[in-house]
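Below, subunit A partners subunit B and then partners subunit C, in two separate complexes.
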Partner chain A sequence: MFRRATTLLRRPLMGATSRRFSTDLPAAAVEDSSFVEAWKKVSPNVDPPKTPLAYMKPRPATPSSLPSKLTVNFVLPYASELSAKEVDMVIVPATTGQMGVLPGHVATIAELKPGVLSVHEGNDVTKYFVSSGFAFIHANSVADIIAVEAVPVDRIDANLVQKGLQDFTQKLNSATTDLEKAEAQIGVDVHSALNSALTG
Partner chain B sequence: MAMAALRREGRRFATPLLSSPIRSSLISHSQEQAPNGVRSISTQVVRNRMKSVKNIQKITKAMKMVAASKLRAIQTRAENSRGLWQPFTALLGDSPSVNVKKSVIVTVSSDKGLCGGINSTSVKISRILHKLSSGPEKETKYVILGEKAKAQLIRDSKDDISLSITELQKNPLNYSQVSVLADDILKNVEFDALRIVFNKFHSVVQFMPTVSTVLSPEIVEREAEAGGKLGELDSYEIEGAETKGEVLQNLAEFQFSCILFNGVLENACSEQGARMSAMDSSSRNAGDMLDRLTLTYNRTRQASITTELIEIISGASALEG
Partner chain C sequence: MASAGGAAPFWRAAGMTYITYSNICANLVRNCLKEPFKAEAISRERVHFSLSKWVDGKPEKPTIRSDPTEH
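Our next item is the complex of A and B:
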């Protein structure tokens, strides 16, 4: 009867190690209860599928006092550039102009345009050139920045930028259709933003 | 000696009708496995079988190796793309139980088979979701990525398929490719809610069927006004385009492409993992089968040699006596 007692006792300890091969730990199970109920009604035999909430780390609640640091998540399709990093300030290139974000910033959704994203941490300033994307600033001093493409500014080749700018300006002048014109305009915008990022 | 016996055995199999039924009844134990009138089963058949099993084992082993190397490449990419959807879920939450008129189920599957149950899992989940979200005055359509889910869904819900896209993984997946695809889907189907069904990679032997929901901008606004999970959205200041609707539209499209990108990568990763474990178990099965066949082969050979010996000795003793 007690033969399995040791294994039963050991189980909670094993829980942490047996997950070692999995690549990301699911947070505490967060389920949409009405969805699960509806699912059980339709198909009692099949387990309901997971929803993204089950894989998310829960975000902290809005603190009552103003935090001294801003938590930044900066993600790209192929990498997480910054993940829950605590910094002093970020400046994001919103379509309405450069926007500085300090801890306790009002909750905002902003579209990004090609420009420089700078992350200020003490005296260190890291500058990235982002192509486009979105920035969400939450009330709990967490900023999520999603960009389609981003590179550190010091890795940009100034000569290629000049050449690209010339090419696209030429294309813009010789464009005949609306589509060509729009494509060339985007090229000119991106390259002039790159240029001003390098010089400014 | 053994080879000579084998050769004779082969010849005997070629002329099974010559052996007399009285004689064959004497050797009853090999009679059980042999066709009628044959003294013992031919080793030729077993040898051919062994050869084919060996070849199958070689193929499955090679496929396992290929899947393992592909998995390693794609796993890092899938893991790196995991950050991409989290901001959207943090902002807009996740509402799989939202009640809308037009739902579109985007089923992500693979183009190739031999990868365990991942495709049938996503098809099964999609079917139940279809049942769940259909009702009076409601419309549910499928958008299918990948050959395998198409083959399964076309059988019973041909009319509900509005778009199917295959050969997704011909080139290595990248974001621009997937966003073109997402744009294609957004242009061609009308939706209030998109439900993306894919298998999230958990480990080589485990994958989780997952449903992500993307709401259309109108529904996002409706839900935000109604309060509930999306109620907080109203407290956000929106900067960018002139109207809130425009930003929400951009946001929904961007969200869909990001979630689809992650979903496609996760599914490709699960596919390779599932293929690897499926091929591993089938090469193991082939090995077991080969062991059994070798045992049968040796036993039969030994039996035939013994029979030959008995025949010779009894013939000799008959001559002597």
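Our next item is the complex of A and C:
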């Protein structure tokens, strides 16, 4: 049972490269070389199967000078809203406040709060209300924004928002357990954000 | 982002996980949509599953559930 233990324990040392940040991306298509070597030892006549890593298209490398456009990938669980769209700027609703991302932004991972995401391309601004999610900005000016639910701001119904805000403010006042309070607080936060998205 | 070892967000302090928080936010946003979009969103997020309890190593009759999303 422990025969493979030595090989398994040796694997992390074989890598020897220090762990890269998740915001760094491989510039060229990577093949898992240790897997290929192990395969060739066992069956040298058969071609090694491709691993998922070999199918991934490499991300553009970090350019040495500031790129002029930001590439945005905005995805939802059920659809890809923007796929490799070249824009001038996006403003993401991070938990630390509205964050503007320009080409050449430092690599960042930001957790998003319910709020408005605006995509600026020339003179066009497209606004989406994002329920929550994450924004990964890579050093090569590619921004991956993932959200669970995002709608264009004109699809929000103001009456339902007002009603929801009143309901949840009431629930917050009458809440007893921590969990109820948290849920009511989330309701109040989301509806206030929806409200400011409609008015702002 | 929160300072190292700093206060957790209020939902984490109340025992909720991020994914529960995120799903609650998404449900609230979906409930505030204008009409055709709201119906589409709710039907899209409907889950159908069949649940059967096992007793003494045998499954009982399964119940089919198609609830709209609940927490």
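In this text, the second predicted complex is superposed on the first by the 149 of 200 C-alpha atoms of A that agree within 3 Å, B and C clash if a C-alpha of one lies under 4 Å from a C-alpha of the other, contacts with A are read in each partner's own complex, and residues count from 1 in each chain.
We adopt the following convention: contacts are C-beta pairs under 8 Å (C-beta built on N, C-alpha and C of every residue); 3 or more make two chains touch, one makes a residue touch a chain.
Predicted, not measured: the structure shown is a model, and the values here were computed from it.
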Practice item. Check the residue A:131 against both partner chains and state whether it touches subunit B (first), subunit C (second), both, or neither. Key: second
Practice item. Classify the contacts of A:164 with the two partner chains as first (subunit B alone), second (subunit C alone), both, or neither. Key: second
Check your understanding: After lining up the shared chain so the two structures overlap, which partner does A:95 touch, if you call subunit B first and subunit C second: first, second, both or neither?
Key -> both
Practice item. Could you tell me if A:187 is touching subunit B, subunit C, both of them or neither one (first, second, both, neither)? Key: second
Exercise for review: Using the superposition described at the top, determine whether subunit B or subunit C touches more residues of subunit A.
Suggested key: B
Practice item. Could you tell me if A:156 is touching subunit B, subunit C, both of them or neither one (first, second, both, neither)? Key: second
Check your understanding: Just subunit B (first), just subunit C (second), both, or neither: which does A:114 touch?
Key -> second
Practice item. Pick out the shared contact residues on subunit A: the ones touching subunit B in one complex and subunit C in the other. Key: 78, 95-96, 110-111, 133, 148
**Study point:** subunit B-touching residues of subunit A, taken from the complex the two chains share
**Key:** 21-24, 32, 34-35, 38-39, 42-43, 46, 49-53, 55-56, 59, 73, 75-80, 83, 94-96, 99, 106-111, 133-134, 136, 138-139, 142, 144-146, 148
Check your understanding: For subunit A, which residues count as touching subunit C in their complex?
Key -> 78, 95-96, 110-111, 114, 129, 131-133, 148-149, 151, 155-157, 160-161, 164, 178-179, 181-183, 185-187, 190-191, 194
Point to revise | Residues on subunit B engaged by subunit A in the complex (per definition of touch) | key: 75, 77, 79-91, 93-97, 124-125, 128, 131-132, 174-175, 197, 200-204, 206, 208-213, 232, 235-241, 247, 250-251, 254, 258-259, 261
Practice item. Flag every residue of subunit C that touches subunit A in the complex, lowest number first. Key: 1, 9-11, 13-16, 21-26, 28-35, 37-38, 41, 44
